[in-house]
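Lettered A, B and C in written order, each chain numbered from 1.
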Amino acid sequence: MKQLARFLFFTLLLPLITGASTYAELEERVVEHELENGMRFLIFERHDAPLVSMVISVKAGAANEVTNKTGVAHFLEHLAFKGTKNLGTTDYDAEKDALAELDKTFEAWFQASQAGAESAVLDRLYADFIEKQDEAFSYIVEGEIGKLYEGNGGTSVNAATSYDYTTYQVTLPSNRFKLWCAVESDRMANPVFRELYRERNVILEERRKGTDNSPTGLFWEEFNCAAYKAHPYGRPIIGHYSDMENLSRETVRDFYETFYVPQHMTAGIAGDVNAEEIIPLLDAYFGRIQTKPDPPEIITTEPEQPGIRRVEVKLAKTPITVVKFLTVPRAHPDEIPLDLLATILGGGQTSRLHRALVEKRKLATYVSAYHPTRRHGGYFQVYARPVEGVTPGELEVAVLEELRKIKDNPVNTSELEAARARIQIGIFDAFSNNLRLARNLALADQQPDGWRNTFRRLEQASLITPDDLTDVAGRYLDFDKRTVGLMEVTDD
Amino acid sequence: MNKIIKGILLTAVLVLPVGADVSSEMVNRVVEHELENGMRFLIFERHDAPLVSMVIAVRAGSVNEVTNKTGLAHFLEHLAFKGTETIGTTNYRKERKKLEDLDAAFQAYYNAVESGAGDSTVRVLHDEFKEKQAVASEYVVQGEFSNIYERNGGVGLNASTSYDYTRYYITLPSNRFELWCAMESDRLTNPVFRELYSERDVILEERRMRTDNSPAGLFYEEFNSVSYKAHPYGEPIIGHFSDMKNLARSDVRDFYRTYYVPQNITAAIVGDVEAEKIIPVIDEYFSPIPAKPEPPELITVEPPQPGIRRVKMDIGRRPMLYMLFPTVPEGHPDEIALDLLASVIGQGQTSRLYRKLVEDEKLATYIYASHGTRLYSGFLFFGAGPTEQTTPEELEQAILDELQTLPENPITRTELDAALARWEVSLYDYISSNYYMAYLLATSDQGNEGWQYIFTSIREAKKITPEEVMETADKYINPDTRSVGIMEVEND
Amino acid sequence: MIKKVSITFFLTLLTLSAGKVKLEDPREMDFSDDTPFIPQEVEQETLSNGITVFLAENHELPLVDVFIAVRAGEVRVPAAEAGFAEILAYIIVEGGSNKIKTRAFRDSLENLGATFRAEPGSKYTDFSLHILSKHLPALLPLAVEAIRFPGLPQEQLEINKKQYLSSYQGRNNDPYSVASRIYWKLIYGRDSPAAREVTPSSLNKITEESLGDFHSANYRPSHVIVGVSGDFRKAEILELLETCLGNWEEPSVNPDPELDMITETAEPGIYLVNWPGAVQTNIWMGYLSFKRDDERYPNALLFTEIYGASRFSRMRLVVREKHGLAYSPYGWVSGGLTVPGTFSTVVGTKSSTTLKALNLLNVIIEDLRTQGVTEEDLTIAKESWLSAFPAHYSQTTKVIKDRMLYYRYSYPVNFWDMLPEKIKPLTQADMGGFASGFLEPSQLRILVVGDTSSFDGSIAEFGAFKVLDPSEY
């Protein structure tokens, strides 16, 4: 330690003078703009390269789905790339009728198959369906949105669905900003969910890839499901297989009509644009999204967990131990102390759990702790991988022993300082890349505490004392209310 | 009601010859009657006493509820006793308007609370709601629906909600049969869900009594929840507290309109009536119920369980162990063999598990097994209580060990015959009671196999060989895919 | 930009125009105002001992990234000792220097929110330090010390070995991992530094001592390239680098020789791994291509867009969108920096459409081989590639990394910047010629991992096949 001090002292004699921004300056640079229909925009100008990244976040996700229809938020996200009344079609008026016919033939086939009709009947109905589908396909301009973006140098053309949000992103050469306005405002306002039946096969392949054909994926689905009794956070975002197989155009449309409302949309725009110049474009293009009523709120709340829940899955050769405690939603006063606690206990190789379980006791090859918060609830989670010869169950016991020590051995100020330093660099990191910044701004805007709070986190963290951490550890890391996931090694 | 059942049991023993042909004789005695609107009636005459029992089974239960609205089927069952447009009101025309005002006042109050309005606003709106509630209640004739039955000698007036069905029961002096027709056809046509807000408090109390305030109830809810990942069988029938608190009149009405359709309703009438005479009466009262479209089918299918799921609580007054293996739905070809398996290994004091674990090894104070099947899936269930010297985990292991010995120690013909004999006795016990007979007929008529299954299943059971039972044991008792619940005694 | 015949809806758009802004159909927009893009200038300097340094300043955020590349990858390690270079890289960033070891080393980094990472590649090991700029004088010397004088703590070595062991045990966990692992062995050889993995027996050979020897021989100034981007001043960073790196002298021992990257290539044909219970079949197929300095490389870039890597590619539009057969079908022709790259295709499809997918892939390749690319293919691929060119340099760190990459393999440092001019003149005939000459279906090594009992037919219908046991790979 002495050596280190001398070393640091020596090097600190050479201070580097820099002119970089402070938080306040960065915050100042964000331009906020809201349309009459309630859609919001956060713009951050940066003229380093002739590029601009845009991310639209819609406050609608898998948590808004209902029984029998899981996976619809993610399916809608896929279908949003199939075009609009304008894009992706050669003649929407004719296509519209063809789609209506198509749905009828599908419904007829589906009903007959549910009712156990004879195979000859089913074959005939299926042939009708295929015929109508081919007819509908005859109006399609395949992949037009993707082609428009990528043909114009778009990169990172993608979308993602989480429990609380669906995001749509692209990076474009900055002189093509208007293209984004035209495409996105059109698909937010006039989407047509064409190619639905075959896209359903694609999401089923996606589910197979991530879950049904992947022991680790299946393990996480089991574990997540066990952690919730009532709340939709316990369901897979991609959906249950049986539900996905049956998602209909009507279901997708209802979800879109209900939840894709402009007052629940925020776009983050970061890069080589001029806010003053683009605001009239935003007004004109996105202003055409019609006002809709506020969507229903999620009613179900997760009741307090009355006991220990565990899943033990024996499917692979890589053992895993996970321990989860449900905590607080985003912007709750205990959020930041819990974040800091997670960093100190399990963020990196200086963390307490790493030192104890990997270095000292040699029971784990890896351990980490984290505290993600969602709109309706967060969780504190410890993830660890046992070394050969240690079972996941034994590692669970050791994890708990180490967590328990926080009571007798409270967090010290230097640990707290280090955790704060990570928050500090994290805020700057969030600004370092246009796409990331656009996403962060869009998502932050939809948090209960608003986007500006992103900049307050360090300030808030600086008010937290070691006692606060002991306090949240005592209240939330209640071993009698934990959920445990153990991936055990297969026998053969 | 108890007295009546006992009475019936006594007479039944004298009357029913327990022989091989009894079941086919029973089948012939059931008179089936179906109305044009699809509602079905099963009539079984028995003139021992001047009484008749009626059970109405609706194929609608908590399995049909969706996210945010759990508890709806059960709430509807409660509100079905609040009367109709003619029963339970002094003036429905005026009352209707007051109910609308009441709902509007409630909604205003509710929205204010949700949007975080100030205390004073909330208080004003709450007072307004209470005032409207008082106004609406002026038109209510409390308990009129039940009172009419009771004044007419009705006993056992009740109802129940399960995952798959909602059932309404009553036993009346047989000359009051027409009264039943009038009352029930009225509530199946013109129910008025009055006194909704106060009844909601009642079901919340019911939930507190059965679940939140009952360690055993909460334990069961946890165990059941973890046993399913996708299917609504994992939700509590009574509902999640947060959902129940928010159930609205429009929810109840939607559920009623969607699922209480005549083609999904069977009434069984067992007792001192003459089918020929009552059919015209039935037609007169129940035919006017309008036909309705088929309700939507349940889509979600429970995927195969990939591992072990466990819950553990320590709030019990006595330790308990639950263990469950997923099996098959009602009517599946393996169902009956599984029923017999459960009987042989875990029913009664001669069962294998009882002898071994209670009598020989003294690890358990009690133990039983059962095979339950529902419309969409079934389970092989074990319940046991460890002795003071045994932990629930030790007992769990002992049961698994005992189940592992099955292949070396196969089920014998003698054991199977004993199980069949017990089945037969209990079936006749049920049949001998008007009430239970009506219950069985109405329920199984709405089931997967139809009402005849009550009788055909035992005939099928007699054909099953010990080897077939062993095969199902091998197929379904997979220790790697079980659910386990452990309740320990509260520490302090 | 693609131009499509506008349709009636376009008229509706026009009538919706608000204020001064006229709403336009996105297909009709004209972006001919593209100005040539010149990436941020990178300065190249040399330290007194000859180490090359690339510098690119950006003062917007108080962050600095330092990249240190050392030509000491697995390519210098015999197959029996696989893992040597990788473990050394990890132990450097985790174990610190011989002055400041594990605990103190990590504390000083993590307590300041810094990250010090190693990315071991076959040829080079890349180190990166990401910090707040005010910590540069304190943390850069600390990181450099670890690279030059690693502490190699025994305990950390044991931890790293256990981590490798655990991932080795999980190597056959799921069909996807197995397919991706075995595929590269079929193409580059089981013992290739690019395809092999660390095994329990190779781990046994790794000791503190042997790691130290490897380090002394291969971590030397002539193997080092440095890049710095972010919030710093040139004069100061050069002084700092000179202080901590400039006095590094070339050791007298010879470096370990670089081994061949391609050790053997499997015969063309079908290789089957039967995986009972798999619900999705993983198909990986391909063969070796050529190096990046090959004149066909620009064609390969456009071909990749058209064949398998874009939203308008055949993989996307035919395999995924038209037939719904796969979630992320993907295909590319890469140009290797020092050895040939590959033509590769990756598709995951449900078991019951395995043969259907194989047939479809065959049709797509055959069509491109015999018919070449369409005019629309070529137009959109070019527009896409050329207009996305600036995105290659979207951040200062990307510019620095690009320069370091081409410099290290003796390509012109502006290799990438010369590509647009090579891509612009490519014609349909050029692309057709490329496809017909390069695509050789008979050369494909086709790896199929799935549950054969659930396939839509016998794989034998598709040709002779060899069954592989994943535990032997």
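Everything that follows uses one rule, which is that contacts are C-beta pairs under 8 Å (C-beta built on N, C-alpha and C of every residue); 3 or more make two chains touch, one makes a residue touch a chain.
If you're wondering where the values come from, they're calculated on a predicted model, not measured in any experiment.
Averaging the CA coordinates per chain and comparing them to the mean over all protein CA atoms picks out A as nearest.
Relative to chain A, the chain whose mean Cα position lies farthest away is B. Centres computed as Cα averages put chain A at a distance of 25 Å from chain C. Chain centres here are Cα averages; for chain B and chain C they lie 59 Å apart.
Separating the CA-averaged centres of chain A and chain B is a span of 39 Å.
Interface residues of chain A facing chain C in the complex, by the touch rule stated above, are 1, 3-4, 7-8, 11-21, 26, 46, 48-51, 81, 85-87, 89-93, 141-144, 146-155, 157, 171, 173, 175-176, 178-179, 182-183, 186, 195, 197-206, 208-209, 212-216, 280-281, 283-285, 287-288, 316-319, 348-350, 358-359, 362, 365-366, 385-388, 414, 417-418, 421-426, 428-429, 431-434, 489. Listed in rising order, the residues of chain A touching chain B in the complex are 65-70, 114, 218-219, 221-222, 225-226, 229-230, 232, 235, 240-243, 246, 296-301, 303, 306-315, 480. Those residues of chain C that touch chain A in the complex are listed here as 1-2, 4, 7-10, 13, 16-27, 29, 31, 33-35, 37, 39-40, 58-63, 94, 99-100, 102-104, 106-108, 110-114, 130-134, 136-138, 141-142, 155, 158-159, 162-163, 165-167, 169-176, 231-233, 236-237, 239-240, 278-280, 310-312, 316-317, 320-328, 348-350, 380, 383-384, 386-391, 393-396. Interface residues of chain B, counted against chain A in their complex, comprise 65-70, 114, 218-219, 221-222, 225-226, 229-230, 232, 235, 240-243, 246, 296-301, 303, 306-315, 480.
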